[in-house]
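Two complexes, one shared chain (chain A), two partners (chain B, chain C).
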Partner chain A sequence: MKNLLEIQDLTVRFHTEDGTVNAVNHVDLRLEDGMTLGVVGETGAGKTTLAKSIMRIIPHPPGKIEGGKIIYGDRDLLEMDDTEIRSVRGKEISMIFQDPMSALNPVIPVGEQIAEVISIHENLDKKQAYERACAMLEMVGIPAFRAHEYPHQFSGGMKQRVVIAIALACSPRILIADEPTTALDVTIQAQVLEMMRDLKEKFGTSILMITHDLGVVAQMCQKVAIMYAGEIVESGTVYDIFDRTAHPYTEGLLGAIPKVHLQERRLRPIDGLMPDPMELPAGCAFCERCKYAQERCSAEHPPMVLLEGEHYVRCFRAEQGREEDKA
Partner chain B sequence: MSDANAPLLEVRRLKKYFDTPAGPLQAVDDVSFSIGAGETLGVVGESGCGKTTLGRTILRLQEPTDGQILFHGDDITKYSKRQLKALRSKMQIIFQDPYSSLNPRQTVAQAIAAPLVLQGIVRKGDKEGLEKKVLEMMDRVGLARRFVNTYPHELDGGRRQRIGIARALALDPEFIVCDEPVSALDVSIQAQILNLMQDLQEELGLTYLFITHDLSVVKHLSTRIVVMYLGQVVESADPEELFRNPRHPYTQALLSAIPVPSPDVKMERVKLKGEITSPVNMGQGCRFAGRCAYACPECSQAQTEETIGEGHTVRCCRQGNLSQNE
Partner chain C sequence: MANKTKAPAGEARQRTLFQQAVLQFRHNRLAVLGLVMICLFLLVILGTLIVDIVNPEFYTTHVIGQDLTMRLKAPSAEHIFGCDEYGQDLFFRILWGTRLSLLIGIAAIMLSVLIGAPFGMIAGFKGGRVDNVIMRFMDVLLSVPYILLAMAIVASLGRSTFNLLLALAVSGIAKYARVSRAAVMMVKDNEYVEAARAIGASDFEILFKYILPNALAPILIQVSLGIGDSILAVAGLSFLGLGVQPPTPEWGSILTSARTYMRQAWHVSVFPGVALILAVIAFNLFGDGLRDALDPKLKR
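Entry: the complex of A and B
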């Protein structure tokens, strides 16, 4: 499958008065054409920073993309000047944010907010852009006559639909969705996810889905990357991650969620906390919380190892398992 | 406590209305249930269904409009201020957001000590007694003793929620309202807190009213579940029965909307029209009818809670018979 977006060795740091925050550390990630890739991790794992790096909207200072490449087509997004990146944002790659309440401008009617992105990127006059905006509203399930209303007149689920309409208005190739349904109720979440799935089919958009919800990942994504302390610790197809789990952190995450489809007496939490991104350990970032940790884990940083097909894992155990198989 | 089978808490036809310019907002409308000692009643529903108001009204943090709340068979809606203060040590609450429910200027020790001093369990001057009790509570909720003099902003969400739990437990209560205690936490931390709450329940014989929007959490913890929609209980049953055999169209839609964390289980969603409406001036009929695929003319009449199986009630004129109009 063709790679639509390829992130190579991306490193992002925030230089603050208290010290340097290592938010994203040497991340490699590929988004294939037509796929939905889920990036999973807990608060502070660096998921949102990763997404913002692709859009080049990391606040600078204190944030700085210190290394790596983000290849889109045959260009490196990190090399583009401001004018070039602006022609990509919203047109080729667009983003939906977690909180629809704060992503919209409260004093501008929603129709105009959708029309704005259209008139920036497409060669249309104001009236035509507004008509397209109304058509976009209809597409996300909001009657066009509500285009002149303000964000506060819509419910949370509808606001998120408006945000999605803005993001899809110029038929982008890639949609980055940062926790798009976290702020919504479960029945509304189901509606929005279903709509995203339909629109993806219709426009052939590829989606980079950032979430902490493994349920959403299992139902929406074909490919998954698990992020921990700023790096990818496991990646593969959704079946690799759920059925052939290889990294102890992924195993921990799956054990920690209550599952509606299974009966269990007790959850298996992961002890401890994620390491402080200002003081990352020299070895494996997860080793302090890992029940399989060995001496080597705290001293050396484990490399990413290919297990099978496209299933990668950053853990010495997997490496050992493979050597044993060979022997 | 003479009758061993009597429920610890019984709520009868509880109502809480708020006055708004558009008319009465029926946040909690005619809710009845009972909880036995040592049990967990799970209350599920989406934002705006009145579940938080229900929890607060039961503790009389808000005055009920109508109805009775029986604690050990005694109607606490009639309690005087003084009686209420004594009752507070028996009924406690754990709040949703450990970021805003703790005083940022109080250390962990001060936060846990405050209820002890207020209720006169330990005298304010008795520093040794207080410290002993505070450390005992910290041990109980798994909060390392070295945090005793830290401030909430220095701690992560999981540890902050442990302070909230320690505060609630400090007075040795029998009944605790848990208002979304884990929804602000990451999954790995959420599991730590849920296990802690389960352990404490077994150890201390606590009774929980567990309010949440997360159906997987409620299934995991509860002995019984009530599903709320716009201020009313639409269905109640034990967790296995409710998940295996949901009979109210809203419960069915709610259960089918949960994204199952397994790519091998494909979701078959019961579609739901539109969104939750405003709970102001709702009239007599079924509050869910506007979004319901099974709506019929009878839905415009008042719906009553009917028992359709052992411990399984549903508030729907079809009483779980949903075969028509599909």
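Entry: the complex of A and C
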């Protein structure tokens, strides 16, 4: 399968007055054409920073992309100048933000906001752009007569639909969805996800789905990457991650999901907290919370190893397991 | 069913933000009173202008015409506000004085905003070094007291109405730069500004379509509240003899001469003072109402 977007060794740091925050550390990630890739991790793992780096909208200062490449087609997005990257944003790659309540400009009617992105990227006059905006609204299930209304007149789920309409208005190749359903209630979540799946089919868009919800991943994604303390700790197909879990952190995440068919009094959370991104440990970032931790884990940083197919994991234990299998 | 979806529920849905603000404003009786008073002042200005055009003699005979036999005459049927120390009719002087007193105040604010706001917006939007350079310059302006700066400017450029206007405008620049900078900084970290960047909008588009409309309310409120101050400053500088020169009627300069005769003729200081108070109150009430109407936190 062709790689549409390839992130190589991406490192993003925030230089604040209190110290340097290592938000994203040497991340490698591939988004294949037509796929939905889920990036999963808990709060503060660097998922949103990763997404914003692709769009190059990390606030600078204090944020800075320190190294790596983001290859889109045959170009490195990080090397483009301002005009070039602006023509990519919204047209080739677009983004859905986490909180639809605040992602829309409160003083502009929604129709005009959709028309805005169309008129930036396409050679259409105002009226044509507005007509297409109305068509987009219909596409996300909002009647076109509401195009002249303001964001505050819409409910949260409706606003997220508008945000999705803005993101898809120029039929981008890649859609980055940063926790698109986190701010919505469960019934609306299901609707929005289903709509996204339909639109993905219709537009042939590849999706980078950022979430902390493994349920969403199972429903939407073919490929998954698990992120922890700014690194990818495990990646593979959705079956690799769910059925052949290799990293203790992924195991912990799966263990923390309530299961309907089992009678459980308590969920099993992962004890402890993520390490401070200002002082990442020398060894494995997860070692403090890991029930399998060995001496080696706190001293050495585990490399990413290939288990099989495209299932990669960053853990000494998995590596040992593989060697034992071979022996 | 088709009909139902086409008819939005209730009128409220069709309102634009502007209409909503107007509605909000109308609920505030004091603010409406302020607006009515402002309109009356504007009518007075318009009326005196028309009289000046239709009958230029009226100004010379009634407004600046002196009649020493009527010196410090108390209010009567003939001169309802009485006369000043030169026997000039106080009623007409106050009516004619409205023009300069209000218009200089308003024009000075407009000029301050036109110069200060763009600088403040750029400082707030760009941040970093640009912000530092612009705002340190504004700090220099702010370090000299408002009236003192205006006095210094008038003193060095010479006494004239235009120089008074200029002085007030310059001394107000820093204030509006700060207000607009703060307003822009508050808005620019909103997610929709980031979202605008993510759809490929340029800095210019972001500043004018996303930031300015959302930052406008606090700036407008400061302006409408600032007009009251500005009118007082015009009167103050005229009172100090730095503004409008007699015999041109202006409330502040009428008050100056009234000071000497306060014991003999109360009316000379009371009437222009009341006019001044009414004007300032009118603009402050209007500004308060505007703030309530435009403040998103109080809305809905």
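The rule is short, and it goes like this: the second predicted complex is superposed on the first by the 322 of 327 C-alpha atoms of A that agree within 3 Å, B and C clash if a C-alpha of one lies under 4 Å from a C-alpha of the other, contacts with A are read in each partner's own complex, and residues count from 1 in each chain.
Everything that follows uses one rule, which is that a residue touches a chain if its C-beta (ideal position, glycine included) is under 8 Å from a C-beta of that chain, and two chains touch if they have at least 3 such contacts.
Only a predicted model underlies this, so the values are computations on that prediction, with no experimental measurement involved.
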Chain C versus chain B on the shared chain A, clash or fit after superposition: fit
Which of chain B and chain C A:Ile57 touches, first, second, both or neither: second
Which superposed partner A:Cys284 touches (first chain B, second chain C, both, neither): neither
Which superposed partner A:Ala256 touches (first chain B, second chain C, both, neither): first
First (chain B), second (chain C), both or neither touched by A:Leu137: neither
A:Leu175 touches, of chain B and chain C: first, second, both or neither? neither
Degrees between the directions from chain A toward chain B and toward chain C, using C-alpha centres, nearest 10: 80
Smallest separation of CA atoms, chain C relative to chain B, angstrom: 11
Touching both chain B and chain C, residues of chain A: none
Contact footprint of chain C on chain A as seen in their complex: 52, 55, 57, 61, 86-91, 94-95, 97-99, 102-108, 116-117, 120-121, 143, 145-146, 149-150, 152-153, 163, 166
Residue ranges of chain B touching chain A (in the complex, touch as defined): 46-47, 156, 158, 186-192, 194-195, 198, 213-217, 219-220, 243, 253-267, 269, 272, 275-276
Residue ranges of chain C touching chain A (in the complex, touch as defined): 5-6, 8, 13, 16-17, 128, 190-192, 194-202, 205, 209-210, 213-214, 296, 300
Residues of chain A touching chain B in the complex: 42-43, 155-158, 185-191, 193-194, 212-220, 238-239, 242-243, 252-261, 264, 266-271, 273
